[in-house]
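In the two assemblies presented below, subunit A is common to both, partnered first by subunit B and then by subunit C.
Presenting the complex of A and B:
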């Protein structure tokens, strides 16, 4: 069994909102965990139990990501709420604008009552060029400067680790561009991969309702 | 006698901490970006040898979340470090300088990140592995045929220390073959899903009809069959490092004057 001490959630408006959400949702989340049949060993106190992640939870990843505003984010900051993850790079002129537009389309197809609780983490492969400043400019340019959307970067091996966990394949070409999979992933409120949508074509209604379900499950 | 032993063990430690600059150049990949064209690789730094049990044990001491009892199933299969006699260590001093195996890709990647580096990319590793000098095509073929034999039966319980194969590339990187296979950063490149692992694919992948090309194809195919949580005794790893920025510029300039590495590559 693996225990990780939850790091203190740091400043920034997003983090503060998330902390509120976390505190709220953990009330529902803890009994859910306790009743699940997964290999989570629950300790006696509820407080410690919130530190115990499911064996397959991506919250085990303790990489620190930096968003477009220079704020630090860890995946476990999203504990208790679903999270949509997409990997891209800012200078991409091939499929990435389509992939990001598709992410936006998915977002906009999610029920309006849920949408303002949807969190999106767009992770760049291009750690050399996609600095927080570049990511900020990208979000503005693509009109994706939306609350709940974070464009992030991290160290080389952290980015590769996340890609490996999600099953995103990418390779830097000698011209500095990247060949990569086009994948949108949603984690459930315990950090496990729950929804995967591969490709850049096709209807997203099914994916959107699968993601809505993650929010419903969370509130049961 | 004790002094001699001390000297010997010192030199082994020195060898392990060594990392070697690999000059920029190009090589013929079996998965080229552009069909028939050599693939260019910028200069980078590569560990002289594979990471040993001793080195990996030090990493675990400082990063207990990667020990067998703490590591979540997300990051490694059940046989993670199974060959170690106890939780924290490899036990027997005789195993100290043996390449660490049964490490998942995630653990290898984390180790290299901790060292301030990263895993070498597939192209970097392959390029380093092709910087071999042979006196004649016959010698190259003989080497390649031994290589094919080795790949067909990599010893999952091998106990030889790093540096023991006597195989060294042009710039002194040791044991790229002969001890363990090694993780690379992108062992499943974006094309991997389109390739099935049958003999026909191996045939099509052959960039050339040489024995060396065939050995290389086997290596690519085997690597693609791994999962990032795989913990096999066949697999170890070494780390790579980016050159400091100013040095990168210098080496790029100098590499423009030196002949392309692929020119010196073994003949087919």
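Presenting the complex of A and C:
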């Protein structure tokens, strides 16, 4: 497990414009890169996460997501509160079940007094198969259909954009399964990346402390 | 008479020395000494399995999980792992985390009862196992006459 701490990027208006141009052009070229078997570093447990773009709030994303109950959700709905984000897919027979277990462990470590106000957004890459019904069945089976937990998906471009902003890499294999990064991200109440925990092995104590501190501070 | 007694003693000594080596007679169970039982973790996806799927041990024994292929976990049916309780009520939950080929993970069973466990990635494909811990169980050889 690697713990990657928040590292804000500063810059003037020109820099911000350049970053936006880079961001938009990356959205176009990333799927082309992802289709090449040799262009992405792969470990035995998934793709390595890339750096994330920290300067902008993710709560400004316009994408509409649909959750396990068929409800529409936007990231702006979380404005003013922190959020834990994780990307996965329901049919995964590799690392996702463990990634979800680690997300659950981090959630469980948060003080009971504020835990019921903690929001988790689990975003599926697999928009073809993870329908609201499939996500509902997944949440039920995993005993995670609990208040504050939303399992969502959206169109391909929205998923790709969010993945890029988080630094999650993924690509669909010919068998319909996905290679992907294993990353848990916590956003602060303004939607900026505050904590990132990559991997599916290793001690979670440090990350749990950081996330608990984030939620304790921001929910008071 | 003395000679007969001498022969009986010789035969008894020979029996005690030779019998254990040949598998004859009793072995004295050392109940305080833990045994190690190996469970192989095999396969990938739908072929994933624990072998043997059911093992019998006594409290204090160690289960040695040896992963030969694939990527698996050894996880207790316990609310800590978001599953209904299917291990003895006072037993501690367990979860190996991800194990890959070549990894070995040890689990010590301390209480009697039935412990059901699963592999997180392949549970839906039936990758589950059971440990039965019984105070009266001994995996020492049974007497053969």
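What we mean here is this: the second predicted complex is superposed on the first by the 161 of 220 C-alpha atoms of A that agree within 3 Å, B and C clash if a C-alpha of one lies under 4 Å from a C-alpha of the other, contacts with A are read in each partner's own complex, and residues count from 1 in each chain.
Assume a residue touches a chain if its C-beta (ideal position, glycine included) is under 8 Å from a C-beta of that chain, and two chains touch if they have at least 3 such contacts.
Remember, it's a predicted structure, so these values are computed and weren't measured experimentally.
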Which of subunit B and subunit C A:155 touches, first, second, both or neither: first
Subunit B versus subunit C as contact partner of A:131, first or second or both or neither: neither
A:201 touches, of subunit B and subunit C: first, second, both or neither? second
First (subunit B), second (subunit C), both or neither touched by A:74: neither
Which of subunit B and subunit C A:98 touches, first, second, both or neither: second
Touched partner set for A:170, first subunit B, second subunit C, both or neither: first
First (subunit B), second (subunit C), both or neither touched by A:179: first
First (subunit B), second (subunit C), both or neither touched by A:142: second
Chain touching more of subunit A, residue-wise (subunit B, subunit C): B
Footprint of subunit A on subunit C - complex, ascending: 45, 71, 73, 81-83, 95, 97-98, 100, 120-125
Touch list for subunit A against partner subunit C, complex: 44-45, 92-98, 101, 104, 141-144, 200-201
Subunit A partner contacts - residues on subunit B that touch it in the complex: 33, 39-40, 65, 70-75, 105-106, 109-110, 112-113, 118-119, 121-122, 185-186, 188-190, 192-193, 228
Subunit A residues within the subunit B interface of the complex: 2, 4, 39, 53, 55-58, 60, 62, 155-158, 160-161, 164-165, 169-174, 179-181
